[in-house]
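Take a look at the structure below.
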Amino acid sequence: MTELRHVKPAGTAIFKDRYTTKVKELLTPWEDGKTAAFAIAGAPFSKSSISHSGASFAPSAIRSALQSYTTFSGGTGIDFGDTIIDFGDVNMDPTDVIGNQQRLYEGLSDIYATEAAPFWMVLGGDHAISHSSIKAFSEKNPSVGVIQFDAHHDLRNVEDGGPTNGTPFRRLIEDGILDGENLIQLGIRDFTNAAAYADYAKEKGVVVYTMQDLARELIEKVLERELAKLSDRVDVIYLSVDMDVLDQAFAPGCPAIGPGGMDSNTLLTAVHYAAQHEKVKAMDIVEIDPTIDIRNMTSRVAANVMLQFMLGKRI
Amino acid sequence: MTELRHVKPAGTAIFKDRYTTKVKELLTPWEDGKTAAFAIAGAPFSKSSISHSGASFAPSAIRSALQSYTTFSGGTGIDFGDTIIDFGDVNMDPTDVIGNQQRLYEGLSDIYATEAAPFWMVLGGDHAISHSSIKAFSEKNPSVGVIQFDAHHDLRNVEDGGPTNGTPFRRLIEDGILDGENLIQLGIRDFTNAAAYADYAKEKGVVVYTMQDLARELIEKVLERELAKLSDRVDVIYLSVDMDVLDQAFAPGCPAIGPGGMDSNTLLTAVHYAAQHEKVKAMDIVEIDPTIDIRNMTSRVAANVMLQFMLGKRI
Amino acid sequence: MTELRHVKPAGTAIFKDRYTTKVKELLTPWEDGKTAAFAIAGAPFSKSSISHSGASFAPSAIRSALQSYTTFSGGTGIDFGDTIIDFGDVNMDPTDVIGNQQRLYEGLSDIYATEAAPFWMVLGGDHAISHSSIKAFSEKNPSVGVIQFDAHHDLRNVEDGGPTNGTPFRRLIEDGILDGENLIQLGIRDFTNAAAYADYAKEKGVVVYTMQDLARELIEKVLERELAKLSDRVDVIYLSVDMDVLDQAFAPGCPAIGPGGMDSNTLLTAVHYAAQHEKVKAMDIVEIDPTIDIRNMTSRVAANVMLQFMLGKRI
Amino acid sequence: MTELRHVKPAGTAIFKDRYTTKVKELLTPWEDGKTAAFAIAGAPFSKSSISHSGASFAPSAIRSALQSYTTFSGGTGIDFGDTIIDFGDVNMDPTDVIGNQQRLYEGLSDIYATEAAPFWMVLGGDHAISHSSIKAFSEKNPSVGVIQFDAHHDLRNVEDGGPTNGTPFRRLIEDGILDGENLIQLGIRDFTNAAAYADYAKEKGVVVYTMQDLARELIEKVLERELAKLSDRVDVIYLSVDMDVLDQAFAPGCPAIGPGGMDSNTLLTAVHYAAQHEKVKAMDIVEIDPTIDIRNMTSRVAANVMLQFMLGKRI
Amino acid sequence: MTELRHVKPAGTAIFKDRYTTKVKELLTPWEDGKTAAFAIAGAPFSKSSISHSGASFAPSAIRSALQSYTTFSGGTGIDFGDTIIDFGDVNMDPTDVIGNQQRLYEGLSDIYATEAAPFWMVLGGDHAISHSSIKAFSEKNPSVGVIQFDAHHDLRNVEDGGPTNGTPFRRLIEDGILDGENLIQLGIRDFTNAAAYADYAKEKGVVVYTMQDLARELIEKVLERELAKLSDRVDVIYLSVDMDVLDQAFAPGCPAIGPGGMDSNTLLTAVHYAAQHEKVKAMDIVEIDPTIDIRNMTSRVAANVMLQFMLGKRI
Amino acid sequence: MTELRHVKPAGTAIFKDRYTTKVKELLTPWEDGKTAAFAIAGAPFSKSSISHSGASFAPSAIRSALQSYTTFSGGTGIDFGDTIIDFGDVNMDPTDVIGNQQRLYEGLSDIYATEAAPFWMVLGGDHAISHSSIKAFSEKNPSVGVIQFDAHHDLRNVEDGGPTNGTPFRRLIEDGILDGENLIQLGIRDFTNAAAYADYAKEKGVVVYTMQDLARELIEKVLERELAKLSDRVDVIYLSVDMDVLDQAFAPGCPAIGPGGMDSNTLLTAVHYAAQHEKVKAMDIVEIDPTIDIRNMTSRVAANVMLQFMLGKRI
């Protein structure tokens, strides 16, 4: 091919240092038979949100944020050399909000069925996508437990408003996909939930840690105890990270921001810790609206959450 | 009345879950004889500010932020069923800045005189409104102590610039409404005050805790000690919360932002703790400029401060 | 009732000049039997949009913008004394995007059935609401013509994406509610439509004026000719104003902005002119997303469009 | 003095081309006895505004915008070599809004009394400053006419709200400083004024051109006629340029923005034309709030208005 | 290949209507031997700018803006079916600002040498890139004329500041690549240039049209005359479009914004008209800084300028 | 001189309280022979940045932020009465990026040579300026140690991209100006550096504290130990504060933001502590881009870092 001096493809990075690899460079489209340590898929869906949400833009924003990170962890000495398989995004219909949840289920079901990787990361979207994702994930892994980082229970009734982002865990329980007692909720905040749903959680045996609870104990201790209990009961564990578990100062780009939440170090530490458990196999990250974020900060935390998950698996 | 299918009044919430009540729904306009556990009033006044300030928009912004919170505290199990009486706002003149302070005094005086509630919350405005509010409050409660959360002493001389937002506590002291020793200042920061005013505070017996002091001791301990001392000397205690006591990362919408301040958890904890004291009867929240805030974050903290005050009273 | 000095209800205007009435003050909620010269209703619906849209916030934003306008037109000497009946908003479900279109149809059908006013203004929402609105309007007025101000034909096929904001006029034609030749499209722009839809327009007899056409002739002349022809064929005429007919410099808050559009003076003149025709009875205003607007500029134009409609009716 | 290689004073321009002079470089502080062709003074006052306004920041913003312009007009071949005397700003008190108007009057009175220049430009501030400025200006020039570019009459009653930015011309008339018939208002817009004030204008003989009037005739023609009539009656003419005469697309930084206004070319042309009249001696520019402007656009227009005034004087 | 239901590659459009092609879909990376009617290349270079500029981001922003446009012009009935060859971007060094201009020259020289297309569009970057591009272009086309749309002459001396974005046409003249009389400058504005450079233009025979000149004559007439004269003297004509020729209301994202410029319709018309001339072979678009733009408006105009160029070639 | 009532120079503070001195008021331009306790100089240079950076605006932004601080530290009782000598800024060429580093070296060399102060603060600029500054500083102080606060090693190879902001400490080591073991790096973060540079640091004996290390030990303890060791080996110590050592929540205005960083209190405490060491003589503050900052927050932290440095020297 004719060489064109200095020319590079449109859209590639403006600068390349020969010794530095950015995590985004690890992403490789899936092909039949390709396998890797990690795989990701995007669920660009947020018309299910109760409030106005552009979380459908988050898969792109998080992938972009991976360009801000190198593959090297100085603290552990680990350098990711691995390919990350990127399955792309599940395609959403502009008006069929309920059908989209079926599409997400089917798309993720096919993706998980490829067995392209032992560890999976799904990029939402709003929290409604976790119903589809966990439903798909549980087909091959029927005995599943979930650790949910969230300010909210997400156990709302479905009659009012249908399968919104306030309902995924209720629907998983009521659909028989997830036992209430196999759901651990971390970071539930005062004045962000109705009493009826706290009662529902209690009734179904959901394990709830409020922010007040987490103020009294290191998050690693909480996770150590709950992972031990959960892993006695389930075969695989799925982490569901709603970024609004963070205080608004650390995650300004969530639709439902507020004070009194977790700081980002605690969340990163928690994901790192949990990911070290062998039964933890998958994670989703939801509820980032890049259109209202500040300098993509919240997507940057999300990308770091992915790195902590990967690092946990490598240690 | 003819029923119109699906039609709702302009300005009402876009979605209603039957089990969820938002705190804003508790607000009810005052009528003669109506009483409740809590009452609020707005003081939309900020032309008294030394720097450019849109704090006059804060009463509306804080009320809006109450729409973000449910009535339920999972940590305590308390669900506010109560009505909150909303007296509306005191009406301000566009050019009569000094007269407005008299109007605030008169309006709040009439409001307090209704005895509509045992506990009061006043939404500023800049800190100048505290002079009017405490003056009005002290008419029925002449023996009053004040706990002020603030980066600044607010003890400036009145000759330079008149009754600005830098002067309310000096004026209260000099008007004989408040004894210096009954004023507790928490969160005073380096490089935000003049030596002359630190000296004035000392001379008048004002009890000052700098951020350095607060770094050495839990805020509950400080409050326990100071509330005990103060309640020996006064009949009622008034909290005055200048949101700029917070670090700029937690309260980006204050006119006078800076680093080295309190985090929002500490402030929320402190108000919750203080409100449990039986002599604490009233609170104002000041110095939020919604026009420069980020995603109404600072008003969200303010609304949560209100909830902690209410929660403290309910425990 | 006990008088409280200087106190006014929360949310009311900060200043009142005794001789000045703002248009927003004319809005009065509907009650059975109440009639007025004009009535408005909000259609806060935009989940039908192909692109991310917060047009559901526009009814509120436009109502707020009415607070920026007085009731007096110096150019004509007319001062609106009239009440405007405000029916409020049609209530939307968070997830039932297709059902919402039925809800809009039913709600507006009931509203029009009140016969509360001879002239109607509907505040969208995205352009999908025009299908519901015109369908409801045509029940009492089966012979209806439409003058559409728009950069786009909105004649997309419904198979790809369902009843989106790109389809309302196609669906009206295919549902037999509107004859193609009774649809006048003004302001169609190059490179914003597919050839297939220009062909469809031609095939159905839709009367299309591109921006190039409008550059060659005064808009009043175009309207004079088309209103004359249309009024021979229909009993009532409905204006549908998609604000993206304006150049991006004049309507920065539309989802689909671009250069080469109309300036706001031309649109205001056109609506003023058209509204003087006796068969013009209703208007909708759509495709404003206040969350991406600049200083509510686009909603300010929309509010002025309403005033021009009203002024046209008064001359 | 020891030479420090490459070092320049803080705050000076980042780049200097030897052949290019920026207008800001022409500004020189006043000293006793210094004279020049033009002099400017700042009136950083906007607490008199009915709505929230940061127009007090405009004198600085406009001076900064002068750094964007060179001294050379290619269209006329004129290159300003002149010094512009900068008197600095009149000092405002934070709380004495009414007293500030006296301060402005006294300060500008002293400034005009220096006779440092034949032509004056005053940088507001909100429109209230024009009362002080014209009052001061008329002391030496008792027979004064005013050409006001404005969307508003600014003839509000003073009882409601005191001497706000809605009242300067009423007060000038009522104080006997300005005859109503010597006030020419250009650009008055529909739905921005009350009927009562249009009536007052008529009653006092104010000459009013609405935007509709200006659409029918070139602005130079209007000015030619009105300058001819006015110059028969008065000795000096003062231009008062409220930037909100411009359409919101051209002056996004005015507090009272809206559509249907003048474009910036028309205003620049008008000031250029008017300034050529020998009786035009002074101009103020008001109602720019840099805190809400976009990229200082409105201050850039204001700086260009200054250049057109200067150019008019040089032709 | 295993089919994954509903899955699409990351980064592709969120919605596809089967009858609609977006211009961005026409872009195809170059390969040896591939030819098309049009080819583009990016010159992401702006460290040569005198003022702070992110114009290096414009090639990406303009490509993204092509996603907003369909391929169909209703006004002419033309539908672009053509592939547009996208050569990608020339790679820039972070610190070697002067060397980058050589890299741009070499890269574009190689690109033009492919003869992949008869018509070329280069996406800057700041205006310095035009020196490199025209130098490269003139190698195969030594007799070249340039029509420059610009508020500025760009004829600054090179001693002060080196080969900045203020110097490209001076350097082309002094390097003997371009005769002064073969340079037509349209849109030169008052107070944006130094007299010395207007003198230089005159001395070198540059043909200058100020905004005042363009106000007196239709731009098509100007172009007709100048294209006729220029085409007698040169073999090929290159358009250089500095977007700051537009008024700040129409191009808010240029580093050097100001009032008194062209509106976007006039620029689009001009490019459309000029492109119809057979000797016009290439165009560059420069001086858009997407980091300070509003909703990518200026890049949207730029993308439309590309479409007008293409349309002119197709008529 | 004629007194003009109420008039003050353009650009001075809007309000002055007689008892309050702002730190900015302490700044005084240098003159031959003038000495003070502290001196500052600006290095407005950021074209050396790998990513787009407006750090060249930071010297002005930080000086402005000094207007937000008083001279009084209530925590220590210290009130700065001192003049701070402001040398102004080193003048940068628009295109000669590599030559600018020589200019910075020469300018700072001359500045340090004045011996105007025992303690120096240099305001960047991006981190490339530290090479020039430390090189200049080491001429009089050849035995120099550096404590670098940074998320990054800044030890990149110079072949890829030249002397960028990723290379200063590598170049200092390779130029023989700084021994690797005399470089202490605090706050190095995971996934922000390449393994090759961590290896280089190790090989050269650089002392590296990651964020994980700092989580395990109070920063004062770390500094106590490292200052003790370093002061055994060197005569003077230079602090280099890259503001991106802070978490993005505390320093939103750095080009390379991310989670997992230091909070601002820790940094302020660290600088305060380190400055108390007698061998600490100079400090630079780099990597603030005011054009992307939020409410100048990051420059406010930087100004406070300066105050902590000064306070440390005064204790």
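As written, the chains take the letters A, B, C, D, E and F, and residue 1 is the first residue of each chain.
Everything below uses one rule, namely that a contact is a pair of C-beta atoms (placed from the backbone, for glycine too) under 8 Å apart; a residue touches a chain by one contact, two chains touch by 3 or more.
If you're wondering where the values come from, they're calculated on a predicted model, not measured in any experiment.
Asker: Contact counts by the stated rule: is the higher one at B-C or B-D?
Answerer: Top pair by contacting C-beta pairs is B-C.
Asker: Averaged over CA atoms, how far is the centre of subunit C from the centre of subunit E? Could you give it in whole Å?
Answerer: Distance between chain centres, rounded to whole Å: 38 Å.
Asker: How far is the middle of subunit C from the middle of subunit F, if each middle is the mean of its Cα atoms, in Å?
Answerer: From the centre of subunit C to the centre of subunit F is 56 Å.
Asker: Which subunit E residues sit where two or more other chains touch them?
Answerer: 14-15, 50, 56, 94, 161, 249, 294
Asker: Mapping chain-to-chain touches, which pattern fits: line, ring, star, complete or other?
Answerer: Per interface graph, the chains form some other shape.
Asker: Hey, which chains are touching each other here?
Answerer: All touching pairs, sorted by chain label, are A-B, A-C, A-E, A-F, B-C, B-D, B-F, C-D, C-E, D-E, D-F, E-F.
Asker: Which of the residues in subunit D come into contact with subunit B in the complex?
Answerer: On the subunit D side, the touching residues are 47-50, 52, 54, 56-57, 93-98, 161-164, 291.
Asker: In the complex of these two chains, what residues of subunit B are touching subunit A?
Answerer: Touch residues, subunit B against subunit A: 14-21, 23, 68-76, 79, 249-250, 263-265, 268, 294-295, 297, 300-301, 304, 307, 311.
Asker: Give the list of subunit B residues in touch with subunit C in this complex.
Answerer: Within the complex, subunit B contacts subunit C at residues 1-12, 14-15, 27, 29, 31-32, 41-42, 44, 56, 59-60, 63, 86-92, 94, 103-104, 106-107, 109-111, 114.
Asker: Would you tell me which residues of subunit F are touching subunit A in their complex?
Answerer: Answer in residue numbers: 50-51, 156-157, 159-161, 166, 188-198, 208, 210-213, 247-249, 252, 256-260, 292, 294.
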